[in-house]
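Notes to accompany the following structure.
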Amino acid sequence: MSRLTVLYFASLRDAAGVASESVEADAADLRALYDSLRQRHGFALPVERLRVAVDGAFARWDEAPRAGSEVAFIPPVSGG
Amino acid sequence: MSRLTVLYFASLRDAAGVASESVEADAADLRALYDSLRQRHGFALPVERLRVAVDGAFARWDEAPRAGSEVAFIPPVSGG
Amino acid sequence: MARFALSEHSFEIAPLRAQLLSDRAGAFASFEGWVRDHHGGRAVAGLRYESYAALALAEGERVLEEAIERFAIVDARCVHRVGDLAIGELAVWVGVSAPHREAAFAACRYIIDETKSRVPIWKHERYADGDADWLHPESPAA
Amino acid sequence: MARFALSEHSFEIAPLRAQLLSDRAGAFASFEGWVRDHHGGRAVAGLRYESYAALALAEGERVLEEAIERFAIVDARCVHRVGDLAIGELAVWVGVSAPHREAAFAACRYIIDETKSRVPIWKHERYADGDADWLHPESPAA
């Protein structure tokens, strides 16, 4: 089990009701972590439409969750 | 013979020494008019590299010179 | 030096343009995104941009560095608004100086395209009918 | 209303841009030509633009009308300097507002390209070595 911080943005934050939360992750990788959080919060967006970042840099979905890290799920962007 | 006004711009004006002059034209068309003025003033530019305008609108080289008109020879432009 | 910035308030264009003036530059291209009064056939009342600031600044900077590497330009800047915006307000500004116009246009286009598709900024639109929505496009919006 | 103008003096950009603001426009593209300090490998000291004003105004207006017909834009403007210009001075400004950026960029590019190739304006360059020349390009300069 790794305790880490998860950041939510845009529609994910609205669905989760919080901008960040501390979670106990037992997922094998970040993809599995998102899927478990998606189930908990009812996120509409599947993992295929997101990117993931760890500690402020884009990361790969097959990375293992690291204790103490800050994981951000990035829904499709719409700046400009 | 038609008396008309000719306007010169850029390198043509420098070569002619004047910005405009009144000429007696006996040329069959504007192309022949330019060729005779080219010979008189020593213009470097051949007619193929110019456009011609009559009374402020682009015209065709095969038009006949009209008495009282204002003919402008337009060397390759370089604005912008 | 930072070439990409986020701004929580409306900002002036003239000082940004002035940073790009150069005797080597014969061409300057710029792009602005303004808040439109409609989107997908719906009347828009206003919008809000939100960002993941740390990552947006890093990724925006990367986009501008890529533009400088790929195109024969002198320099470039991009500023994106965050927070609440009214109809007609400036949402994003891109400026590029270059010796020639070909590269200025190409780099300007590259910067706005990449910013829209990669930089973590999200648009929340409020519609005239009272509805509101986050925009999560399938592919970058036109 | 005139969308194309010649200016004998340096001019402000902000009022021109303001004429193009529109709630229907989500995109604004602009282009500026600046006087470079070199051309074809020679150091340039300054330059002068001369025009056949009556025809330049008519042809410039035609270019802008064509842009409005061909591209899905809201409006456009172009102002070109005539007279003596120093290094770094603004020689030409083009601005285009449009619902989307694709059309804004395409129309802006069209207007500057056509202006450079068709509007009767000529550039006279003075070089640092004392020489001077009218530019009569074989094809429109880049």
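Every chain is named by a letter (A, B, C and D) in the order it is written, and numbering of its residues begins at 1.
Simple rule for what comes next: a residue touches a chain if its C-beta (ideal position, glycine included) is under 8 Å from a C-beta of that chain, and two chains touch if they have at least 3 such contacts.
This one's a predicted model, so the numbers in the text were calculated from it and none came from an experiment.
**Q** Among the chains here, which has the CA centroid at the largest distance from chain C's centroid?
**A** Farthest by centroid: B.
**Q** Need the CA-centroid distance for the pair chain B / chain C, whole Å please.
**A** A distance of 49 Å separates the two centres.
**Q** With chain centres taken as the means of their Cα atoms, state the distance from chain B to chain D in Å.
**A** Taking the average C-alpha coordinate of chain B and of chain D, the gap between them is 26 Å.
**Q** Express in whole angstrom the distance between the two chain centres, defined as the mean CA positions of chain A and chain B.
**A** Comparing mean C-alpha positions, chain B is 73 Å from chain A.
**Q** Give the residues of chain C touching no fewer than two other chains, as numbers and ranges.
**A** 33, 112
**Q** Could you check chain B for residues that touch two or more other chains and list them?
**A** none
**Q** On the basis of the stated criterion, which chains touch which? Give every pair.
**A** Contacting pairs: A-C, B-D, C-D.
**Q** Sort out for me which residues of chain C touch chain A in the complex.
**A** Within the complex, chain C touches chain A at residues 33, 49-52, 54-55, 58-59, 80, 91-92, 112, 115-124, 134-138, 141.
**Q** In the complex formed with chain D, which residues of chain B make contact?
**A** Residue list for chain B touching chain D: 7, 9-11, 14, 45, 49, 53, 56-58, 72, 74-80.
**Q** Applying the document's contact rule, which stretches of chain D touch chain C when the two form their complex?
**A** The touching residues are 14, 21-38, 87-88, 97, 99-102, 104-105, 108-109, 112, 142.
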